[in-house]
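There's a structure below that I have some questions on.
Chain lettering (A, B, C and D) follows the sequence in which the chains are written, and residue indices restart at 1 in each chain.
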Amino acid sequence: MNYQQIIRNVYSDILQKENKGKVPDYIPEIACIDESKFGVNFTDLDLNTFGCGDFEEKFSIQSISKVFALSFVYEKLGEKLWERVDVEPSGNAFNSLIQLEADHGIPRNPFINAGALVICDILLEISENPKEELLHFIRDLSEDHQIFFNEKVASSEMENSFRNAAMCNFMKSFGNIKNQPDAVIELYCHLCSIEMTCKQLSNSFLYLANGGKKPSSNKQFLSYSKAKRINAILLTCGFYDESGEFSFLVGLPGKSGVGGGIVAILPQKYCIAVWSPRLNEKGNSYRGMKFLEEFTTQTGESIF
Amino acid sequence: MNYQQIIRNVYSDILQKENKGKVPDYIPEIACIDESKFGVNFTDLDLNTFGCGDFEEKFSIQSISKVFALSFVYEKLGEKLWERVDVEPSGNAFNSLIQLEADHGIPRNPFINAGALVICDILLEISENPKEELLHFIRDLSEDHQIFFNEKVASSEMENSFRNAAMCNFMKSFGNIKNQPDAVIELYCHLCSIEMTCKQLSNSFLYLANGGKKPSSNKQFLSYSKAKRINAILLTCGFYDESGEFSFLVGLPGKSGVGGGIVAILPQKYCIAVWSPRLNEKGNSYRGMKFLEEFTTQTGESIF
Amino acid sequence: MNYQQIIRNVYSDILQKENKGKVPDYIPEIACIDESKFGVNFTDLDLNTFGCGDFEEKFSIQSISKVFALSFVYEKLGEKLWERVDVEPSGNAFNSLIQLEADHGIPRNPFINAGALVICDILLEISENPKEELLHFIRDLSEDHQIFFNEKVASSEMENSFRNAAMCNFMKSFGNIKNQPDAVIELYCHLCSIEMTCKQLSNSFLYLANGGKKPSSNKQFLSYSKAKRINAILLTCGFYDESGEFSFLVGLPGKSGVGGGIVAILPQKYCIAVWSPRLNEKGNSYRGMKFLEEFTTQTGESIF
Amino acid sequence: MNYQQIIRNVYSDILQKENKGKVPDYIPEIACIDESKFGVNFTDLDLNTFGCGDFEEKFSIQSISKVFALSFVYEKLGEKLWERVDVEPSGNAFNSLIQLEADHGIPRNPFINAGALVICDILLEISENPKEELLHFIRDLSEDHQIFFNEKVASSEMENSFRNAAMCNFMKSFGNIKNQPDAVIELYCHLCSIEMTCKQLSNSFLYLANGGKKPSSNKQFLSYSKAKRINAILLTCGFYDESGEFSFLVGLPGKSGVGGGIVAILPQKYCIAVWSPRLNEKGNSYRGMKFLEEFTTQTGESIF
């Protein structure tokens, strides 16, 4: 399979088509981004890697970082983690409080905001310096020390986090948040503010394509079974209320962020990262979705 | 991989453990089944096949037949099918009307009851003799003419289908049912009443493990892309509100029925069918779920 | 209090102002009504009566007839009626199925469609000829034999009653409908099709202003306590999701219908009926609401 | 009407019957109250007043104070108040977030917690010293300076106000809270902590029975129309999800609090306050409800 050729072709096709969707306006640092940015990077398990367009430019990975946080916490806690967060698709908009009420404060999965807040709460319980440890973990996964929080983005998000504060207080009323809501939200907003390039992303996510082990170093970051299970949750829950659609059209486990990034994984084969800031109605990158749909159509490869 | 040995071991392990859950009581023909029945059948793409326990005994496949109906209609209508039914997990109990109201009569996916009713409605539109044509299609897939509706089961279900009648009328009020509700429900109840053995099921579902083509005859029942997409929907929506859990624990596309049957598929490899009548709280076979979880744990193979 | 003068003044004020809202289009016989129709009739307990505008023209009273049906059934069954229907405001649109699901098939009150369907179901249980008996009851209340079902309207509604059929089947799945859904809906649609004038309405509802007794004949149609309690339900539930607003602005128990009629009652004093076909967003007569708000503002009289 | 005799009889009847329900346990100062406390006080517009049992003992009036806060804010803001809070019954449990999501942050009415939080937010906007001004207003209404916040109760509630914090942040995300959530909750918890006796309550609420004017001083605290409208909201929304039931059984505008108090008003006649700490399932005083039902049954007087 000549992945490089297919990626180049699909990239230039998409580039010529209209760029639709909207850049979210509630985070000033993201709202002012150049909407024409478009980058793709592919890395396979043999560490062959190459990119197109803006693949070496950093952007706000936002919810993509929830996968790192989940991996970190899951490896430490094991299966008892699932007493505090479920693994079912939400069937509702990503920030809905309705399902939390019906489920007595247990979020449907770790990738909706409520679930990621619980993961952050656990991080605060198990770590002395959660921000530092988490950043360290991500740098290790990426084998790259040039990964940072963007404090401006984190501050912006903290100032606009009333809905997250609502969810956090709501879950605390059910006993499913142990720390002070403010501390949980501060960590959550930092988590979302991490900036990476497509290249860094496609490299750092290789552990999920390889049973939890980084192919470069053979270091096992996550057990084989846990890596599989995170892929399973990514497939059913990685794209909010568009997870079924992504599974249907693309057929790969993946995760999107409101910064316009998407990471997708073909287990045993490769990891691919795409970035384009304009989002479709469901909050996923318009061009990112189009690119990945066309890419898996042309390769004919998916998990199905 | 010695599948046969693994299946034997897992089968006898599960058999020795407590059999939990309940047989549903609303269909007399199913309520009086022997609760200790337990069968498994495995068939790979090279047509190696073998079974354990009650693998040659017929049972009511119930919702598993929704996959056949979807395949039949999808191949005929193509992608415009998705104007009338979505491909998103429901995030709610399988017979809920709430989401239908929010989504203006468009069911979340073709495997919840509302979605299967829409598929039946389409069948009535595109076929002169939908019951006969559908049965013919399933017999072709199975290469076995000994597959029938159970008229007693169909009648029982018709007498207890007030909730399905509610959904059917509700969708008709939104314009998403074209035929008379009674006719739709009559076809739906027949569809659910089909009886097959584990052996027949694991053989007939091979087309989904093989890109739409039966490996025995090379007959293409469904296009490659459509077969992949049905697998994708099975993964996200095949087990009602336990789809995430099945994806997490088993990691295969599959479909369950309230008759206690489950079919699961490892694309490019095999198809496996399990039957045990007692259901867990979410309405899926208790032993069937346990068997498949343990089976994929021991083989180490899943789509992730 | 010179009611006649106030009514004349308010009537001519409202007539000069813009007539807003929409005539519902799902019942052809109602859709083609002259939108400028506007009638008012007032009758007090001393049987002083007078009207303005189209007060002697018949119109489809629609849901207003639910009050008659409730009175008939309540007097026969007594308080055990409330085992099958509640007395709480619905807090949702008038035809929602969501609350029915949460409340296991028990409608929130007898004036939402679901509740009126239960009342019709009970009528079928307790009466040999429910249509005839009900009509007889209403004629008695009105002391007027010129009250009829409109068979055309009833037929139209039956052809468009998929949502009511959904609710009826849904409640039957919970065991709260005893008869065949078709029979219940047939009676319900006839009930809605009754035609009366403002004059007939304001006269017939006097029993609710007078503790259950018709002031003309002193015939007790309903016990004192039951009449009070129907007024209480009218106040909290008579205007669908605008009941609080009507209570707030008008301050009288009352009932509206999609035919554009409204009846309101000041206990111990009078009954007033208004008719104007265009409905506001909540489904209540636009001019009817305006008239009654201004009328009670000018009289300074309400139950509060 | 010999109210005094009726009250004595009903009081002793209720006292002899079993005392059911539960004292809420989430506020330590309320949880440790003597469950057998039972007081009633009646005051008419001629200032005849008398009480039974523990009518001169102070208790935590909790949500009853929402009526004072609403009166204060409504008189200052006028009808534009209703841009930020609606007047419809909620049809859901008193602390539900679901309806807030559907209504974009506008609470259904000023007596559910969300609505009272908005009233407190407005108080913070229009007053320099809202706690002092509010207390002053209530003392004026009561003509009694011995009314105070209970700081211990306020502190307890602040420590357990995660659900209120959730609602406050949620409404702020919709722009319907202008101040810091912490400040709003601090005021809200103080409002709830006010302590009064049945005697003080029945006296202070006379303004609502008298068109906004205190009968003792003829001081107009609230315009005639606004007093009527508050009565209307009390009738439809004063008892959470039991408002329909209270209207049905008692037939008076009123307000309950989780401290076990209930105030009810017969316009143009009297005001009555009852206190008994054990609450029924809907969160209203068990004996208080029973007393008022029996009282209006025996007097035969209600607004209907």
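The working rule: a residue touches a chain if its C-beta (ideal position, glycine included) is under 8 Å from a C-beta of that chain, and two chains touch if they have at least 3 such contacts.
Because the structure is predicted, anything quoted here is derived from the model rather than measured.
Steps from chain B to chain D, taking the shortest chain of touch contacts, total 2.
Of all the chains, the one whose CA centre sits at the greatest distance from that of chain C is A. When the C-beta contacts at C-D and at B-C are tallied, the pair with the greater total is C-D.
If each chain is reduced to the centroid of its CA atoms, chain C and chain D end up 32 Å from each other. Chain B and chain C have Cα centroids lying 48 Å from one another.
Chain contacts: chain B has no residue touching two or more partner chains. On the chain C side of its complex with chain D, the touching residues are 86-92, 99, 108-109, 224-225, 228-229, 231-233, 235-237, 241-245, 247-248, 251, 253, 267, 297, 300, 302-304. By the touch criterion stated above, chain D contacts chain A in their complex at residues 96-98, 101, 162-163, 165-170, 172-173, 181.
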